[in-house]
Each structure stands twice: as C-alpha cells, then as structure tokens.
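First subunit A sits with subunit B, and in the next complex the same chain sits with subunit C.
Moving on to the complex of A and B:
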C-alpha cells in the first residue's frame, strides 16, 4: 500500500516536473508579454532532435552537445521574436493575433524539423545512466530523477532572477504595464526577448533530458505544449510558480488516476477538473497575483 | 434521305472495323504499384517494391509472359489517402493497369479499396492490418494479416503453453486500444484470465504507476500494445522494476525504431511474425535481398512483395486471363484476374509457416486465420530478430 503510493507520487513528481517545466516557460513569456507562446513545445522537440544531431551524428561529448542545444534553441527563439513577436507588436496587433503568430511559428519549426529529420522516432542517448537506482524500496533511474532536479533547479533560478535581481524587477514591471515600464526607462522589447530566450533554453535542455525517455520525434512538441498549457491554466498562467505548481498537480493527478483508476479517462477527467477550478477561481488555483493585477 | 442512310451505314461500318482492329490488339501487361515510398511508412513500401522487382525482373529477362514484359508503374502515396486515391484512379483510367498492388498503411489501403470497387479493378493489398479492408471483398485481396489474426496467434500460443493469466498494457491511442481489445476478444474464449488492462498516455515520461498495477496483478505473461517510443519506455520500466515475465509485443516489437530505443531492455521481447526465420527459402530470399539492397532485419514487407510477384506471374499466365488480354478486353481481363486470384491464390509463399497456404478463396481473400504465424524475438540488444522458443512462455 505504502509502496504503491510512493511509486505513484514519484511518477507524479517525474511527469509533473516535465509538465511544470513547460508551464514555467510558457508563463515566463506570458508574464512579460501577455502572450501565450504556442511554439513553446517545439523547443522541447528541437532540444531532443538536435541532441540526436550533436550526440549521435557529430558524436560530441554531452557538455558540448548541451551548449550546442542551447545555442540552437536561442537562435530559433530570436527568430521567433524578430520574425513574429516584434513585427506584430510594432503593428499594434492584439495579443490574440500574436498568439496565432506563434502558432504559425510552431508549424514552421515543425515543418523545418520534418524536412531535416523526417518522421521516424530517433534514439537520444541518455546523458545520465538508465540503470536502475534504488531509493529505499523505490526503483528509478538517474535520467528520470534528473528531470525533477532540473525542474526545481529552473524554478529556483527563475525565482532568483525575478525576485532577487533588478533585471527581474524590470521583467515584472514590463508584465504589469509595458508602456509605464517604457516610461520608466525599461526597454520592454529587450525584456520580452530575454523571456523568449530564457524559456527556449529551458525547454531545449528539457528536450535533451526527456528525449532518452520519450524518444525524439518531430511531432512531440504539440503533445508537450498541450500538457504544459493545461498545467499553466490550472495553476495560474500569470505567475510562473503557480503555473509550475499546476504541472506538478497534473502529474500527481495522472499518476493517482493511473494507480487507483485508469489512465484511459485521466485526460478528460483533468480537463473537467480544470473547468471546475476555473469556474471557482477564474485565474487558476494560485492565480491571486493575476487577479490582483487586473 | 437514302444518302444520309448510306452515310450512317458507312460510318457504322468504319467504327465497327476500327473497334475490331482495337479489340484484336493485346493489352500491355501494366501493373500499378501504389504505396508509400516516402513518409512514415516508407520502409514497408520500398521493401515490398524491391521484392516485387526481385521476382518480376528475371521473368521479364527471360522473355516475359507470352513475349510481353510485365511493366510496373510506380506511384508514391506518401501516407496520403487522397493522393493514393488519385494515383489509383490514374492507374485504372489512364494507365489501363490490369491490377493495383500496394496500400501498406490502412488509411491508404482503404482509399484504394474505394478506387478498386468504383473502377472494378483488382487490388492486392500488402501490409495494411485493418480487418475491415477485406470484409465482403470483391476486388480486393490482402497479403498482410489482419491485426485480429495476430491476436488469434497469440491466444493460440498462450493456450498451447498452458498460460492462464495475462496482463495487458497499451497506450491510449487507437492502435493500443484496438490491439488490446482484439487480444481480450481472442484470449477470453480460451479461458485465459486478463489479470489487468493498463492504459497509459504516450506523453508520460514515467509509466511506473501502470507497471506497478501490472506487477501486482501477477500475470504469467505480459502483452504490450504501444508505439515504438513508448514501447521502449514500457519495456525498460518493466525490466527496471524487476518483472521477469515474458513480454509479447505484436507488430511494434519488430520495428527498428522500437528495437533501437529499447536497446538491451528489448532483448527477449516476443513478436508473432508472418515470416518464419527457420525456413530455408526465407533465409535464402533475405540473403539475396541483402545482396541487392543491403542488410535488413526480418520484416514481412519484402516477403509480401515477393509473394505478390509470384502470384502475379501465375495469374498473368492463366489461360482465362490471357484470352482476355489477347482480345484486348481490359475489363474482361480485370474480371478474369479477380477470378484467377481466388482460384490460384491458395499457394505457399514466403509468409506463413512452412506448408501453410494463403487462402484467397471467396469470403476470405487473405492469409489463413491459423497456422500462419511463428514467434520471433528481439536479440543482440535490438540489432537482431531471431526465432523464438515459445515454450519459454510457460517458464
């Protein structure tokens, strides 16, 4: 009984960390720009697929491959910022229009990846060992556990940047009101650019670490985006930490439903739950900050 | 008026003579190969076409059939049912093909079935697994087994080994759900208890909740219906959590992508296969294939292409078919091919157990329901597929 529950909680934490990472990256961009980046999951895909390129095709050592994956993610994020976000913002496009723009960006990234890597799933070599590790009576592996570490690591880094640096104060100010922030001498476009780059790097690294477990394929981005988006909505899109907590909540719910019920109905059940939460708390479970901002 | 009548009679005579001349012209032996040679199912289409050429090229080199070469018109359907339908129609209407061979993904095969029935042209389906493709079939025949036949083979093997308890784990997409459903349908009548059926999301990084339930249900054998990437994750978690039960993974277990992703965890995974690696003729054929096209793990697609080629040469030599071909009667030739396929289609090909024949007779139009499968298993850390000893299931 205790063993089963412990396994379910560990699995919930692992899966929740993946969803939480995507929700965190979605929310960081949203906090600064009020735009949901529908291309965010594609950065996970890019991380996984380019890890195949650097680790397998070019046989680079993993630290070098990691840097290369980050570079690829950042370059594509800059493309998204300069190619879609800035032109639309400068033409005073509504946030909804910009979101559709990011969706178009997602399709372009997917299409380009399809042309480069084709439709077949690819093997991503694990950075850490897949050999079983015993944690008391629980068994996991280093690659899986690294996802939890990565999630809490990025959570701490994001908190530090946002709440312990002057730059973070600028990011938060831009999120509250970009025009006032601009009047205060904050270069809003640069701030939003930073969030695109930071989120892309986070997702790219996540892709490199998830790849050995999920396998890499060019259509993996959309699945990840949906889960990350669900998590962000459940937790509260306006706060990166609430969105990340939403990821953990969904991971836990999925695991408990799989353990004590069936996974077949987990997704519809989670959507019903999100709906119920949003009826009671329209800005998400932990969306007080967003509610106050409005 | 009499002048007009004379003109009309003269025109009719000319038309009749022209028609007579055209009818006397024998038909070209044109066969369309519409299949995926790019896209997600490219391997199946390329491998079966290679094997088709391995059979037909020597026939043509030796003078063809009654002095005529068999000409293959190739179309790449790119896993696009609409494109496949367009190519199929072109085959029937513009290329004047005698028959169409192809359709490896079920969606592509399904669109070709519509073309075949609308244009009354025979269709020989290769790898597609959907059971409905040959239900109440008139013009279409299949070389690849239905997915339900895999389940029958698994149920027969488990019952023969005295297995009483089976656990099933499948992904939540249609392939996983329908695969598990067909397995339950085949296992329960044999008195085999399903200890649990676990379903997981293909995007879940950690499937241990499902594996815990699977483990606690204490099955003797585990049946898995995944896609390649999540299949690797499931088998790795099964082994990581110390489950030592035999694992059967229909179809996906043989796929290169699964074997690569699962690596050493995939060793020992069993797959019901329509190709028997212990047959000498199968081994010889795959050696020849490797010489011409490069190394290939045991796969049903080349065997299906080979068997289609073998039957094609027999059907085109058939007297009733030749009569219509020589008379230039295209629809007559197509109808004769349908009839000859049913009549000559009980033959031993490279698929199936030794001495087990296809059954293309009316009402069946495909591989037999029993005796067609053997079991193979993954070996060499995913690099090989070898014959499996199914008595291991009982241990």
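Moving on to the complex of A and C:
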C-alpha cells in the first residue's frame, strides 16, 4: 500500500516537474509582459526533436548537443520576440492580441517542425543512464531523477534571479507597469526579451530530458502548453513559484487518479479542481497580491 | 538647461501641443499651469519621450534630445514623478527606491552612491525609515507621493519633473511637498512642475507658463502670473483657488 503510494508519488513528481517547468516558463514571461506565450510547449517539442538531430543524426556528444539545443531554442525565441511580440507591442496591441500572436507563432513552429521531421514519433536517446537506481524500496533511473533535479534547479535559479538581483527587480517592475519602468530608465523590451530567451532555454532543456521518457513527436507541444497553462492557472499565474507548484499538484493528481482510479478521469478531475480553486481564489492556490496589476 | 523650440507633439496622430517654446533654466523652478486638457502632462511626457514629436526641437544643455528613447533621457538625468504617483504598488518601498536608483546602479561606486542618495531622501522624508518593507500600494496617498518623489530623487536627477503632485492630496500634505520642492531648489536642483492648482505652483515658481489648448498663452515670473486676474479669468478658471 505504502509502496504503491510512493511509486505513484515518484511518477507524479516526475510528470509534475515537466508541467512545473512549463508553468514556470509561462509565468516568467507573464511576470514581465502580462502575456501568455501559447508557443511555450513548442520549445519542449523543439528541444526533444532537435536532440534527435544532434544526438542521433549528427552523433554529437551530449554536452555539445545540449548547447546546440539551447541555441536552437534561443534563436526561435528571438524570432518570436522580434517577429511577433515587439511589432505588436510597438503598435500598442492589447495582451490578448499578442497572445493570439503567440498562438500563430506556435502554429508556425509546429508547421516548420512537421516539414523537417514529419509526423512519426522519434526515439530520443537518453542523455543519462536508464539503469535502475534503488532509493529505499523505490526504483528509478538517472534520467527520471534528473528531470526532478532540473525542475528544482530552475526553480531556485529563477527565485535567485527575480528576488536576489537588480535585474530581477527590473523584471518584476516591468511586469507591474512597463510604462513607469521606462520612466526609471529600464528598457522594458530587453527585459521581456530576456524572459522569452530564459523560458525557451528552460523548455528546450526539459524537452531534451523528457524525450527519452515520453517519446518525441512534432505535435507534442500543444498538449504540454495546455498542461503547463492549467498548472499555472491552478497555482497562480502571477507568481512563477505558485505556477510551478501548480505543475507539481497536477502531476501528483494525475498519477494518483491513474493509480487508484483510472487515468480516463484524471483530466476532467483536474479541470473540476481548477474550477473550484478559481471560484474560491481567483489568483490561484498560491497566487497573491503581486499577481495583481494596477 | 532644457529648451522646447516650437514643439508640436501628440498621441496617435492627434496634436496635444502646438508650436510650444519654453525654457527651464538651471537651478530654477518652472511651473506649467493650465486647466484640464491644456497639454501640461503632454509637455512632461514629451520630455520623457513618451509622446511623439511631430515637429520642432527639444534640447537639454544644447544637446538635441528630440529623437531619444525614454531610457536615454533618464540616463541624462531627466527624471519624472508621474501623475497619480504610479508607484510599483505590489513592491516594497525599498524596492521602489532601488528602482529609482536604476540610472546609477551600473556605476563602479554604485554601492556608496546608493547609500548617499538613501541618506538624502531619508533626511527629506524621515517617516520612510519605518516603511521600508511595506508594500507601496498599501500606503496613504500622501505617503505614496513621498515615496514617488524619493524614488525620483534616488536617480540623482539633474532635472526633476513633477506631474500634478498635489492630485488627490490633503492641503497640508501638498504644503509639505511644496516645502520639499523649495528645499530641493536650495540644494541646486532644477525643477519643472506641472500643476492644475495654479496659485500654489506659481507662488513657488521662479518662472511660469500658462498653457491652454496645447499652446503657450502667457509666460513670466511666477508672482506676476499669479497676480494677473485677467489671466486667471481667461485660462485658469477656478483651479487656482488652492492654498
């Protein structure tokens, strides 16, 4: 009984780490721009698919492939920033319009990936060993554990940047009011560009690491965006840490529903949970005053 | 120090300032007064480069800043206290002050400069010492205005611009803010003050401009403008009744 629960919690923690990373990525961009980047899941797909290109096709060693995956993610993020975000902001578009713009960006990224890699699922070779590792009575592997470490590592790094650096303070100020941030001499466009790049790199690395566990295909991005968005809404979109916690909650819930009931009911149950949470707490479970823009 | 030369400016292709020429000399307080919609705030936002300039030139110390970006103008030491305070409400008072210091934060002696500026603003507003960790949005209007002025002073401005600092504040608080502005002038700071409460603004000012419908209708020493009943009647309506 306890063993089953522990396995389910480990599985939940792994899935939750992926959703948490996407929720964290979405929330970091939202914190600075008040825009949901609907193309965020595509960076996970790009990470996984380009890992196939670099690790299998080009047979690069994994540290080089990792750098190459980050470069691909950053270049596409810059394209999204310069091709969609900035032109729309300069035309004084509302956040909703920009969000639709990111959705268009997601379709373009998906379409391009489809042309390059086609519709078939691809095998992503593991970077780390899949050999069993015993943790007490639990059995895991290095690849799975690395996802959890990656999640908590990025969580800590994001906290450090946002709350312990002058740059992070500028990110938070830009999120509260970009016009007043300009009056402080903060270059808001550069701040938002950083959040796009940082989030894309985070998602690209996540894609490279989950590929071996979940498989990779060009249409995986949209599902991941939806899960990450649900996680961010559940936790609280305005705070990256609340959003990440929402990811863990959804991962756990999914695993527990699959283990003790049926995975068929997992997603409807999550939607009902989100609905109930939002009725009681409109800013999400852990979202607070900082989520509120004047 | 600052000079408008025949500036026509506005938002989204509409004109809010038309052929405006004015000067802000170093170490003086210049007030721009006028009724609602006269173009006063547009004048300040034009200097901050938030408003498009259609024609004319804007100079700071004979340097053409007409095409500069907002952050570049701040780097030159032109800092604004916006209308309605516009603090970063969810952030603490200390974080707001740190953001005000952004202009100087990359200097090699930034840590020492920060402490100097902090000591200076705390000398002006000692009450803030106890409010450092309070979220700015939870303070009263008067306290928020003090934080807004302090935030701008943290940048060690060469030109401080204030847009309607008396808006929504009790007369006693307004008097306190205006006393502080007089003290800042004594310390050598150049101030551009935009105010709807013409009497108080012109009383404080070395020189004043009266704006109406985007044009300069009158200018002169603050006291002369304040004591001109015809001017009050024609352009300022009853808004000069404060103080």
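Keep this in mind: the second predicted complex is superposed on the first by the 289 of 294 C-alpha atoms of A that agree within 3 Å, B and C clash if a C-alpha of one lies under 4 Å from a C-alpha of the other, contacts with A are read in each partner's own complex, and residues count from 1 in each chain.
Rule of thumb we're sticking to: a contact is a pair of C-beta atoms (placed from the backbone, for glycine too) under 8 Å apart; a residue touches a chain by one contact, two chains touch by 3 or more.
Since the structure is predicted, the reported quantities are computational estimates derived from the model, not experimental observations.
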Clash or fit (per the criteria above) of subunit B with subunit C on subunit A: fit
Regarding the shared-chain residue A:169, is it in contact with subunit B (first), subunit C (second), both, or neither? second
Mind working out whether A:7 is in touch with subunit B, subunit C, both or neither, as first, second, both or neither? first
In the overlay, answer first, second, both or neither for which of subunit B and subunit C A:267 touches. first
Can A:145 be said to touch subunit B (first), subunit C (second), both, or neither? neither
Just checking: does A:254 make contact with subunit B only, subunit C only, both, or neither of them? Give me first, second, both or neither. first
Contacts for A:60 in the overlay, against subunit B (first) and subunit C (second): which applies, first, second, both or neither? neither
According to the contact criterion defined above, which of subunit B and subunit C contacts more residues of subunit A? B
After fitting on chain A: smallest Cα gap, subunit B-subunit C, Å: 37
Using the superposition on A, tell me which residues of subunit A are in contact with subunit B and, in the other complex, with subunit C. none
Where on subunit C is subunit A touching in the complex? 48, 50, 70-71, 74-75, 79-80, 82, 86, 88-91, 95, 98-100, 102-103, 105, 135, 137, 151, 155
Touching subunit C in the complex: which residues of subunit A? 166, 169-170, 172-173, 176-177, 179-187, 289-290, 292, 294
What does subunit B use to touch subunit A in their complex? 39-40, 172, 177, 198-210, 212-213, 216, 227-230, 232-233, 236, 240-242, 257, 260-261, 263
What part of subunit A is in contact with subunit B in the complex they form? 4, 7-8, 10-11, 14-15, 18, 119-121, 123, 130, 132, 139-141, 144, 147, 210, 213-215, 217, 220, 223-224, 227, 254-256, 258-259, 262-264, 266-267
